[in-house]
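Heads up, the thing below is written out as structure tokens.
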Amino acid sequence: MEPHIHITRRERFNAAHRLFRPDYTDLKNEEVFGKCSNPNWHGHNYVLYVTVAGPLNPETGFLINLKWLGEHIREKVISKLDHKNINLEVDFMAGKMASTENLAIAIWNELAPGIHNTGATLYRVRIEETENNYVEYYGS
Amino acid sequence: MEPHIHITRRERFNAAHRLFRPDYTDLKNEEVFGKCSNPNWHGHNYVLYVTVAGPLNPETGFLINLKWLGEHIREKVISKLDHKNINLEVDFMAGKMASTENLAIAIWNELAPGIHNTGATLYRVRIEETENNYVEYYGS
Amino acid sequence: MEPHIHITRRERFNAAHRLFRPDYTDLKNEEVFGKCSNPNWHGHNYVLYVTVAGPLNPETGFLINLKWLGEHIREKVISKLDHKNINLEVDFMAGKMASTENLAIAIWNELAPGIHNTGATLYRVRIEETENNYVEYYGS
Amino acid sequence: MEPHIHITRRERFNAAHRLFRPDYTDLKNEEVFGKCSNPNWHGHNYVLYVTVAGPLNPETGFLINLKWLGEHIREKVISKLDHKNINLEVDFMAGKMASTENLAIAIWNELAPGIHNTGATLYRVRIEETENNYVEYYGS
Amino acid sequence: MEPHIHITRRERFNAAHRLFRPDYTDLKNEEVFGKCSNPNWHGHNYVLYVTVAGPLNPETGFLINLKWLGEHIREKVISKLDHKNINLEVDFMAGKMASTENLAIAIWNELAPGIHNTGATLYRVRIEETENNYVEYYGS
Amino acid sequence: MEPHIHITRRERFNAAHRLFRPDYTDLKNEEVFGKCSNPNWHGHNYVLYVTVAGPLNPETGFLINLKWLGEHIREKVISKLDHKNINLEVDFMAGKMASTENLAIAIWNELAPGIHNTGATLYRVRIEETENNYVEYYGS
């Protein structure tokens, strides 16, 4: 059996967002989401790490073509998020709270089918919102 | 004469902005400012470095009280920028293009008087907008 | 079932310590612990990463209130370690070898009850002692 | 039972390599491996993280002697890779595609016996090739 | 007069090189250049910082169009260095010792004319060869 | 005339210190130096950057032999500071306030003569005490 490898690709995007529920009062939004609920938005330099796992291809010494993986992430995710408003402009976040947690889950759902078509497995999506906070999602 | 020292304090803020001129057409804004002109905003984790220079106080071994410097930066600058929209909410950026260049100049102007009152000199304001770009202003 | 998420919060503290056993001779301490056994102490900028896991709250899009998590870590751990001597001044390290390994275990024990009260699970405590070494503890 | 700990040591090496198969045409090599197939070589600052796991020694508060671990990694791996050509000069890579994936597996095989002799377990080998890509191997 | 600003753009390239003089014996090359003289090459992830200075354009709030600056650096420098052998393949390094010092000077010479055509001034070229060493050149 | 280059070498040390004046009361020490005055010490992972300037040697493409520079820094400075108590054990800090500012000046004085003997000029000593603070000294 071929050895099992994990490989991770980093991509970045800069976006605006806010955390709030339209069914909450302003006061309640402020209480639950703090300064992240600012109606005039704020933003981040998000850093995305996508980890793929599977057996090594003995001919190429690769698990997955990294150039393809980078293009897949940029096409499905980065092009829709970079320099955008996550609440207003990102189709796969429509109707969801724009938290980093929900973003990680939605990015998983965007990336998984294409990766699984290559025979590799999407293992983890990790998003760093600031140098002090990051979220990881393993698919369920 | 006491030796001359430079000391730098790092602070951070997360904010939304856009680059555009109201007197440009949408097309011209897009042409000049690219995806940074998105009317729905985008944002960054800005990193601010404030460098102060001057002679060492021989009694304390300090150039400036760093705790005071941190509080001064947070009071005059970070509290107004963090989790805010630079175009809409920041008094010292009102009526200015929300570029990192203009931000560095405006932050200099906010910080300089208080620092100069301590007898030290504000030497440089540096802002990193992304890991690939930073701006420095030396006061003129 | 709600998706399961991991979220990590970074905090920092600067502390002094030494590694030694009072029942060892100086020579034996030097032999086993090397320059870390210096009786005059040395110190580090420790970086602490606390990872919490659990199902997402569908109403807030959060797993845990990150502001609370930061305050919990600062109250239970950072306030006791920052600018302190780990061997002499930290109640939860009393009578223990001041190794990063023991520190990770002790920090776990300080943080776990409060986190588990929120319904989330403490998943991992990670401490970086230098850029070249870090320790992780998963609770058993 | 003693608590189970993970400890990670970072080491670095700078090396040249290329990705190609001698049984492929130049065109096929270019197609599969892109600019990494350049016959005149290119190179990287590789960063290696070695993670070891096991129960804590209650006498020393250590899982493994970190000084020994650093020397073991430098003797078995770094001394053979640093400032070398991975394709031409590294005995444990002879006859293998010089991919980061294969490098992680080969480094695992070099390091595991010595680490297991100490009673600890080699848990993971991680190699960062660039700031955007890293590979992890868990031993099978 | 418009305020004077410094702006820095980061780009990266991965390349192979060696340090040696053909008129030295192997022994002398080894003596002077150490393991950097390995005839089979080694390589680095080089990080390039290009700093440009000048007055702010009051209409755009810019000193220079950063998108153009990135493209200029990639066209003149990165495309010739990335995944290349600096000794064998880089026209602007032909006949020169492939030291980071000479590389900084040569990159300055490649970039300066285009930047000066925009009205801005090339202020500094900085190259990091490893996390422990970097070189800066100010143009004379 | 040969081009003028700046080259920087990074080294690190972990040390304990405290800030206090024996002629101050405990209260006054606490007031001026805050938690840095803790009589039981605290410590840091200090990062030292030494920048040397001068004309390039056209034969070697070097300004200074970097291997020698690293050894010089380790012999004169790191070996005396690493895993030490700056207040109690470092000859060149005896009788001085153990501030990062004074440390930068003292390190300059230790390093300058040997560097100037090579024909190069010591340009700057920079010390990072934490990720949020650094000090620079230019020699007067």
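Labels for the chains are A, B, C, D, E and F, by order of writing; each one numbers its residues from 1.
To be clear about the criterion, a residue touches a chain if its C-beta (ideal position, glycine included) is under 8 Å from a C-beta of that chain, and two chains touch if they have at least 3 such contacts.
Note that the structure is predicted; figures quoted are calculated from it, not measured.
K.L.:
Among the chains, which has its CA centre at the largest distance from chain B's?
P.N.:
Between chain B and every other chain, the largest centroid distance is to D.
K.L.:
If over half the contact pairs have to be identical by residue number, which pair among C-D, D-E or B-F is the repeat of A-B?
P.N.:
D-E
K.L.:
Nearest whole angstrom, what separates the Cα centre of chain B from the Cα centre of chain C?
P.N.:
34
K.L.:
Measuring from the mean C-alpha position of chain B to the mean C-alpha position of chain D, what distance in angstrom results?
P.N.:
That gives a centre separation of 42 Å.
K.L.:
Quick one: report the Å distance separating chain B from chain E, using the average Cα coordinate of each chain.
P.N.:
Here chain B and chain E have centroids separated by 28 Å.
K.L.:
Among the residues of chain F, pick out those that touch two or more other chains and give their numbers.
P.N.:
Residue numbers touching two or more other chains: 131.
K.L.:
Per the touch rule above, enumerate the chain pairs that touch, sorted by label.
P.N.:
Chain pairs that touch: A-B, A-C, A-D, B-E, B-F, C-D, C-F, D-E, E-F.
K.L.:
Using the touch rule from the top, collect the residues of chain E that touch chain D in their complex.
P.N.:
Residue positions touching the partner: 12, 14-17, 35-36, 38, 40-45, 82-85, 88-89, 130-131.
K.L.:
Applying the document's contact rule, which stretches of chain F touch chain E when the two form their complex?
P.N.:
Per the stated touch rule, the residues are 3-11, 56, 59-63, 66-67, 70.
K.L.:
In their shared complex, at which residues does chain D touch chain A?
P.N.:
Residue positions touching the partner: 19, 21, 32-34, 96-99, 101-102, 104-105, 131-138, 140.
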